[in-house]
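Below: a set of structures, written as structure tokens.
Presented sequentially are two complexes of subunit A, the first with subunit B as partner and the second with subunit C.
Entry: the complex of A and B
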């Protein structure tokens, strides 16, 4: 097995494999990631309850913070980079995002139409 | 006495003697016969002393070829079970005109639910996954899949699901809800029995197995390829495996989540899909088909790959339009996630939503059409040998085009409003699943059988099996198209319309012909095993093959290849043969090296054992047993994770000895080819 495993190693790393960095550099990466994640989490909790900002902007801000949180996780913990060794991971991520977009987007679209065309019985009662 | 009853209730949950259907002779007798057969086989195995062999060589094996064979064996056994259900349904509909027939409604409903569940999850899935397991590492020129032990876990969890489904025959009941268990019928208020729980838990457990197999095969194709095997040199079957397993990884979590929500409704009083308290049954249809449509492409894409290999091999030509085939495969892979609403056009999403999904469904016929033309052009001008695998492939093309065209018809929303849930639909999806997936599985079975076992299958019985199945298929399902046009809906236990009756009788007759086809296939297997010396494949290349699986002996040694093959183009093995590189290579004395292979592990079997206990306990609400099974499975995982020795070494001399035997035979073949 091992000779096959190493065959692609020069250009293409298996998921979870990492290029050889010293332990210190790697721990630093995780610490920065943790700090950023905590900062984003703390900000989300702060914004959700604050009245310092314009209220309707709060949901948008939370969505932005959530996406930033995902980015931090991908970069610092899952080690998605733009390097040539990471093509598979980036492609897998792109495929995953596409599928999530299709399924979630499609579901919202379908269910909205269904709810508009065929509302539940109690709603029909209220309309009459 | 009341105290005793309470203890019993907590010890055994809902399970008591009323769970055994003493009043229903058919399942009881069938169950008893199967039980006796299994016991007889077990006793025979133990008495003859085969148990250690079975345990060490098969049950604990992490060899992808062995696991592939076990997957296919599971699929074949379950095909007989699902086929028996089909025969019972055809007979019921042939006799139940203005009468109750011989199957009471609650039993008939279980049969059509079990038929669908078994045929999709425990026949089609294990068959294609088994073929992918068996062949893909060989075609890629590597020694095993990426995660050998995980592979074994995946197989045994699938077997657990199959076991639970069959257990429902004797203990309790199966779902009466159809193969997708639509709520609100599948909710606790309408299905209070354990049938839906059997359905849901067996699919949850086997779903984990499928997901694991999918991750394994994606990683194998992406990360383990031999020297020079870049993406655009991979055989077509490897491409379709990649696409199919990407779909598994993307789609199966949707099924798991949907069934988990249904189970939360049933077990903990949630209201995801209930009629009351804000539940939305339509969400279930939406989610289950968001998995369900990719699922049909998960099944049919590997079949397309098999046909590509077979057509090119038996036409003696490279596959026509290889790159367009790759593109078509990946296009199907993506578009398959954009069409799921066509399963519920009639649910009321309105014209604009229906139109978009209808058009998307028609668009998916384009890459499929590209494939059909590619196969036709591959055959054009080729020297075609009509061996059994090729017969299945040509039969597929004829059958699948008809099924595909009725599919395009159903993709037109106004037509679908007429045909929704009719026998026309039943005929359509059997047309594509039997004509596509099952014919593909049989083609692959005939084609790769010599690779797996070292001898070919009997051609005469194989051809008989093909013709009976092919003609029987049309005799069974063309009448169902007509009955659908005449307004017959699916899943009818009895009916009063005289015009449907003749078609049901013809369909039952067709089913008899189909059954003869299945019998021929069994006879073929028996005859071939008896004549195996005459049918022996000594060279490892019985069909004059083109891809790397034919470059090693049949059956391949545990390490597949003594050396990693060096690939210089498409059709790697054909290339080697054509340049007679083989010959010069074989006269040199290669320098053999030690090979490290993964050790066998009982992890998969033990995990599945505990999963079976846990699944059974969950179905019957036996909570202490659930905890026991869960702890056991977790402990097995921990023991596996802490293992010290995961590989063993095959010494170079042993590799040399095994490889030389095959080289001798192969040298004979090459010199014979030179003489003619």
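Entry: the complex of A and C
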């Protein structure tokens, strides 16, 4: 029986909980998160009203900045990591994001096509 | 002695695959509670995604009423955003204080979080009241219906969060940092941070994208 491999199954971390750190390290994490979030927010508000950049790039930039800031919040405030003790939390998040993208992307896609293929009601009346 | 050791080993390796996994037993109540609440938060985010989808589809349907760029005031939105972001930070400070069982910093962090949340709600309520007074209520156009339901739903969540926050302060005051109170505090912190994440989507998609288009 001595050839058996011994493995120790660690417990998971609760979502929002961190690994054991000192208070100073934990506060520093929140400070870094706050600074990054403020930077990204400021950039968003600046980009939205500026004439300095090519105008059609602004919506894309705003969406990229928003997704980046959501990532900052997840990492520094909700303490979601890629560690093995966070697998359950990350998998639940991934499934939630899948549903979010299906709902938003699918709705926008389908409704845009319906809009394009269906003329306004007064045009339909004139065709008859 | 050897009998029990063998029995224990058989239990640790029930399929005789040569790998003994020392199970630490069922997960603690703190993990189970927080994970359940995490699932709820994700389903809440899925619900918000439906409101976002409705807004994205209806944002151009103004029915002769005002467009987004005519009614949004970016200064107010910037103040709201900073309030909610700072309150997320102070909420984090309060949850650290709760973990180290420091009452003073817990009450201070929660009180600042509460004040910032209330400032956010007051600004949002005044914006809504001003729009309704000008005749731009939710019944004016499909765009305004989608706007009021998305932003109002987030505002309702923040209102519920403020009530929950005051409840947590009262519970710590009355019961101290008991394990069950700390679990509720952890769920509250998750809820508050998730609301801030949703607000990032709201100010980016509704206010900033909406005022540019």
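Rule of thumb we're sticking to: the second predicted complex is superposed on the first by the 106 of 128 C-alpha atoms of A that agree within 3 Å, B and C clash if a C-alpha of one lies under 4 Å from a C-alpha of the other, contacts with A are read in each partner's own complex, and residues count from 1 in each chain.
Heads up, the rule we're going with is that contacts are C-beta pairs under 8 Å (C-beta built on N, C-alpha and C of every residue); 3 or more make two chains touch, one makes a residue touch a chain.
On a predicted model such as this, the values are computed, not experimentally measured, just so you know.
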item: Subunit B versus subunit C as contact partner of A:113, first or second or both or neither; value: first
item: Which of subunit B and subunit C A:78 touches, first, second, both or neither; value: second
item: Which of subunit B and subunit C A:99 touches, first, second, both or neither; value: both
item: Comparison of subunit B and subunit C by subunit A residues contacted; value: C
item: Partner chain in contact with A:88 - subunit B first, subunit C second, else both or neither; value: both
item: Which of subunit B and subunit C A:70 touches, first, second, both or neither; value: second
item: Residues of subunit A at both interfaces, subunit B in one complex, subunit C in the other; value: 1, 3-5, 7-8, 12, 14-15, 88, 95-96, 99, 103, 107, 111
item: Subunit A partner contacts - residues on subunit C that touch it in the complex; value: 9, 13, 18-24, 27-28, 30-31, 33-35, 37-39, 42-43, 45-46, 49-50, 52-54, 56-57, 74, 78, 81-82, 85-86, 88-89, 92-93, 95-96, 100, 186, 189-190, 193-194, 196-197, 200-201, 203-205, 208-209, 211-213
item: Contacting residues of subunit A [partner subunit B, same complex]; value: 1-5, 7-8, 12, 14-15, 88, 95-96, 98-99, 102-103, 106-107, 109-111, 113-114, 116-118
item: Partner subunit C, residues of subunit A touching it in the complex; value: 1, 3-17, 23, 26-27, 30-31, 33-34, 37-38, 41, 44-45, 48-49, 58-59, 62-63, 65-66, 69-70, 73-74, 77-78, 88-89, 92-93, 95-96, 99-100, 103-104, 107-108, 111
item: In the complex, subunit B residues that touch subunit A; value: 142-144, 219, 222-227, 246, 250, 254, 280, 282-283, 286-287, 290, 334, 337-338, 340-341, 347-350, 352-353, 564, 596-598, 647
